[in-house]
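Should a chain be cited, it is by its letter among A, B, C and D, assigned in written order, with residues numbered from 1 in that chain.
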Amino acid sequence: MTTSTPLLELRGITKRFPGVLANDDVSFDVRTGEVHALLGENGAGKSTLMKILFGLYQADEGQIMLRGEEATITSPTSAIEQRVGMVHQHFMLVPTLTVVENVALGLHDARKLRPDLDAVGARIREISEEYGLEVDPDIDVWKLSVGERQRVEIIKALYRDAELLVLDEPTAVLTPQEVDDLFVILRQLTAAGTGIVFISHKLHEVLALSDRITVLRNGRVTGRTVPAETDRQQLAEMMVGREVDLAPDRPIVETGPVRLSVSGLHVTGDRGTPAVVDVDLDVRGGEILGIAGVSGNGQRELAEAIAGLRQLDRGSISIDGADTTGVTPGMARAAGLSYVPEERMKDGAVGEFDVAENLLLVDHGDSRFIRNGLFDRDQIETHAARLVEEYAVKTPTLHTPTSSLSGGNIQKLIMARELDSDPLVILAAQPTRGVDIGAAEYIHRRLVEQRGEGVAVLVISEDLDEVFALSDRIAVMFDGAVVKIFDRADATRESVGLAMTGVV
Amino acid sequence: GSDGDSGATATSECGTDTSVAMGDSVTDLTFALVAPSAKDDLAFTQSMVDSLTRLGIEPQITDGTFIVEEAAAAIRGYAEEGVDVVIAHGTQYGGSLAEIAPDFPDTSFIWGTATDTQGLDNVFAYYPEADQGGYVNGWIAAEMTDGAAMGVVGPVEAGDAVAYVNGFIAGATANGAPAPSVVYTGSFSDVALATETAQAHVDNGAQVLTGTSQSTVGAVNVAAANDIPWFGTQSNQEAWSTDLVVASQVYHWDVVLDDMIESIEGGTLGGEAMAITLQNGGLVIEINGCYGLDDSVVDGAEGIIAEIIDGTIDPT
Amino acid sequence: MSDFFTLTVLVGTLASGIRTAMPYLLAALGETVGQRSGVLNLGVDGVMLLGAFGGYYTVLQTENHWLGVLVGLAIGLGMGLVYALVTIVFHAEQGISGIGIFLFGLGFSDLLFQELVGTPRPIKPLPKVEIPLLADIPHLGPAFFQHNLLTYVAFALVPLTTWMLMKTTFGMNVRAVGENPQAADSLGVSVAQTRMGAILFGNTMAGLAGAGLSLQLAIFQHNLTNGLGFIAVALVYFGAWRPRWVLAGALLYGMVTATRLRWQSLDIIPRGASDVAAMAPAIITILALVLLASRVRGPAALTKPFSRH
Amino acid sequence: MSRLAGAFVPLGAALLAFVFGAVMILALGENPIDGLLAIIDGAFGSGERIAATAVRATPLLLVGAGITIAFRASVINIGGEGQIIAGALLSTAVALWLPDLPKIVLLPLVILAGLVGGGFWGAIPGALKAYASVNEILSTIMLNIVAVQLMNYLLRGPMIDPIEVEGTRIPQTERLTDNAALPTLIEGTRLHFGVILAIIAAVVVWVILWRTPTGFRLRAVGHNPDAARAAGMNVERNIVKALTMSGALSGLAGVVLVFGSESLRLVTDGGSAGFTGSAGFNGIVAALFGGLHPLWTIPSSFLFGSLLTGATELQRDLQIPNALAIALNGLIVLFVVSSDRARGWIKDRFGAAT
């Protein structure tokens, strides 16, 4: 570590949103060539702080110092000009544009008639090669996998010669292999002198990558440390402010009858190619089946087919013995399915609806909530208040628009809704992606609880820690097929990891 | 009033202004006019404005009220204001008038085009026997074309338009022409459709065009561009094309208005429907001096008009 | 029926369909660019009416068609500034603002017409420009190469608009802000400026379409467009935001209109069925879209105002 | 404080629009004050005029209430004109066929027919959108054209007043039976039962949207069809439902326009506006102006109703073409929607409330 002026110094940053103090007198610095990790629960204020740095928000109080001088950053353009780059938590890509176009956006003054896409493409290939960021520059972004999109985001920043690179939860959507690749790239960058802010909820990543760690809670800095002096347990407790149980107890449960059965399933993906190929699965009551696999190997299509959201080409599905092949989502639910979709803001909740309404999204037709043909508002309030309480959903009121909750809290809300309806089968896709440690622990506990009540649980996750923490059996998907099903006792990270690459 | 104009055709000196000059005032009654299109549309509404002008009457005008509800409000408003005579110049206003007129027994309402007064004794109705002029126009057209095709640009297949068109067909075929081709565009106001319709007729070989409604202004342009003679109706349409408008059947409502005013001044506020016809001089075939129609044709037309007037010819 | 398949009639129908399509095409191309940037403008018809009156009145006064066209363009540009102010600066709801523009254009063009002109007086129509050599090709010449200049302009603008959208910096920015304005903004592309540019383009085209209509018809009167601008907006959806499909839609609408009028003229459609004939373009457009079954999604940010917070 | 600002911003904006209007009136050589007074007098000058204003607002309110359903379900319904006509045609047909039924039976039947006619005309674009991916802006605009021609056809053919066949062939029905007329509320004015019907409709729409599972589904589908589908809702059916309900209310507006009119008959002038008074469009303005809230659409419709009736007086009194009033309406819309803050205020306070 050097003693010279830090690359970046944030001094006493305060940012208020209506009713929320998102950052409260936060100070934070980054030196050249280091990775400084920013940790905190969902809603702690990490993204807000970084958006201020990137000129998307203006701080109410405080200063930004870049290379020792006070900087005014009023817009992303001025951030980019001052060589600050950011890879956003939610991808900032235009899906209908090609990779080159996405990179070229904003590079060219609109007064310049045509963007020199050839030159941009050439430079992208150079960067790709230099850092091993493989991606086809001429492909439309909507055709890319999540990992590839991530790479485009990084290329965008590198293309602009960022000296300070902010990565807001870059690993949330990556496979373990992709995470390793990313770390190689980031280390290369720091070696070249780039300063990096790294935000993640995955503590082992933080410990592996960063030079220093700062923890935020409720908008305030609550701890600063370095990896050598701490461990996962301690970090988790710094974040959450209480003791955290990282692996839920899984009591032994008698398994019941088969509740979910999939056989000979073939499904076509969005690109018209086979996405699920001849999959057979049985999940019994009282058992958690984890599906591991690198994203894009048919997990999403499998989940959607079971939930009735995607047409299937061949095969059959049954829930609790009832044939649900090709039914509507409503019918699948009627048969006893609860579904926690992968993209929670897109498929799981209605952002404009308030918390109480989202808790009613599935069961709104239930006679409990209706009196004389109209909604019984007292019942609805009571129901919502109970779920918010039981599932520890942090929300100012029951009538707060759901979109203003943090990701973790939205996920808890969806869990509350889905688990409360006495399901026979729970299908949970990426249940804790982007969710903080505290909330993830909570969600895991709830899923295990359902298992204890004899529910069949199917968890799809790219996070091997999660798969191992929850599953009784682990199925590995590769290229649309289930290549292997492990008993928990026989599974090791290595054997599962190998199966994920198609080697059985 | 039937002793109005003596001749049923009037040939304008080429180059004269066809706009109507203010006549000597015939009455002290106050007038208001409510009409669906613009007061200077060179068609239906203008025919009434011109007629009033000839009588030296300057009415208060609410024009462009194609929305019946609005027209009704205006009609009622004028009656409330104490205007003596309110002219509801739109067939579609009749229903509203049936409600309004009884509320104002001292006001006289004049309504057209309509063939009856709906049993109201303070309502006069007026209508044109438009088939008469249509017949004459058709006859002249046939005389000029020698068996060639003719095209008619119609609006919606209803109302006076049908009478005029049917009269035109009758006149043309009676004079040995093949039946003119008729297109109803489905709109009174769509100029683009009227224009393309005229063009379609021309492409299909039409040597003469006619049409009715305010949308035909576009069709006149097509006639002009292709050097094809045009026959007009409702108002004198020479202003649209000085050279190619052969003749226009012009509505001289003043003929019946005159009679109505007489009645009103005599204390009878309505109860009668009056037609403008070639007989009473309310329909005038105004021939464009600039077109240079052969005198023989004009004479022939005069003959036809005389036969319609004396009933030898039934134009329907 | 056989009458229709004589060459002259077919040629006339083609020419008529192309003429009819011109104002639709111009307006719809403009609206396409606007919508690609995320801005819906339901006021196209109003802007067209203002452009139509401006163009008409200029020619009435000066007899100079190109001045008329210029005035139409300028009026479109001016209305574009108004619309940009309302929707971009004030973030007003786009649907309702467009209807405001429509009502203003409908009323104001009529007001000006009544005060300044009164009686509809014809002007000299836009002259036909015969393309050398091509215009002389039998049958094809009269159908395709004997139109007024604006018609050629409208057709030429199809590839040009595609080029602008797909190849230029402006077009790339337009597509980006229409799909994901946050992403464009995060790279320093000004969402406001880009949308402003697209709105100005769209409205200028609407003004041009209006002037094109009145100069082609050589007349103006109350509500000359008769809802043409609304159909132009509909054609953007028909064309799924792709200029060449918008062209296909405009041509389809124009050709069906031309054909039905000719079939009525030839008595192929009997006189009593005039109303059914008048429905045909609308119904056929819908049916064509059903058959094409295009499931193309529109710009994701369409009608959504952008702000960072 | 912010509430005060909220109330004054749109008023200020409307005032600014009137200043523009005043400039136009001045340019026409008239006194703008007289103009304003004429508008006020025309809209509110007497009991009868207030009644006329309410009657004018009625179809706007009905269409507007329907529009709130459609727009809340994210369906852009530009087809009000066609749906009004469809409702008017079917209800008129019922009154023509069964003129002898007692009022107590016929009137509800006529109202039902209007709902069904308009609902059917709305269901077509609904089904096209849901099951054939045809954009509803396109199909509703096109169906307006079809409805007008259908009306022209029926009124000059099967439904024409028998007298007219021999007479001047005016495309209109005979005067319909009084048994189908909407009862007058206050003798001597035109205020009729339709006004109450419209207010009831607006309240019912509000109840449906925010107090019933049906409305809940419509709104969920409107905000996020993906989440709605994943939660088990039938997105397609809800799209059809939204357009059907929206169309049905426009159809009811058609009933009110025929059976609340003085003429008690359906007449066409070949286009749609002559009959509808452009309520299909003005209703959209009223609804959006009311923040897409059915209850706020009530005052909003009355505001536009009063502008429309006021404009007639402006023309009658000062001979100012009513084109000016139309332009002024456009300006008011533009100025008031631009006073964004006020809309935000209304939304915060009432729109999000359930």
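A few remarks follow.
FYI, a contact is a pair of C-beta atoms (placed from the backbone, for glycine too) under 8 Å apart; a residue touches a chain by one contact, two chains touch by 3 or more.
The structure presented is a predicted model; accordingly, all values stated were derived computationally and were not measured.
Set side by side, A-D and B-D show the greater C-beta contact count at B-D. Averaged Cα coordinates give chain A a centre that lies 76 Å from the centre of chain B. Centre-to-centre separation between chain A and chain D, using Cα means, comes to 47 Å.
A straight line joining the Cα centres of chain B and chain D is 35 Å long. Centroids built from CA atoms put chain C at 45 Å from chain A. For chain D, the set of residues touching two or more other chains reads 149, 152, 156, 321, 323. In chain C, the positions touching at least two other chains are 110, 114, 222, 272, 275, 278.
Residues of chain B in contact with two or more other chains: 64, 156-157, 186-187, 189.
Viewed as a network of touching protein chains, the structure does not reduce to a path, ring, star or complete graph.
Per the contact rule defined earlier, chains pair up in contact as A-C, A-D, B-C, B-D, C-D.
Residues of chain B touching chain D in their complex: 32, 36, 60-70, 72-74, 77-78, 81, 90-92, 94-96, 98-100, 113-116, 127, 155-160, 162-163, 186-189.
On chain B, the positions that touch chain C within their shared complex are 37-38, 40-42, 46, 64, 151, 154, 156-157, 181-187, 189-193, 195-197, 199-201, 203-204, 214, 217-218, 220-221, 224-225, 239-241. Listing the residues of chain C that touch chain A in their complex gives 167-170, 172-173, 175-176, 179-180, 182-190, 193-194, 197, 300, 308-309. The part of chain D that touches chain C in the complex is made up of residues 24, 28, 71, 76, 78, 128, 132-135, 137-139, 141-146, 149-150, 152-153, 156-157, 281, 284-285, 288-289, 321, 323-334, 337-340, 343.
Taken in their complex, chain D has these residues touching chain B: 42, 52, 55-56, 148-149, 152, 155-156, 163, 167-172, 175, 257, 261-265, 267-271, 273-275, 277-278, 308-309, 311-313, 315-316, 319, 321-323.
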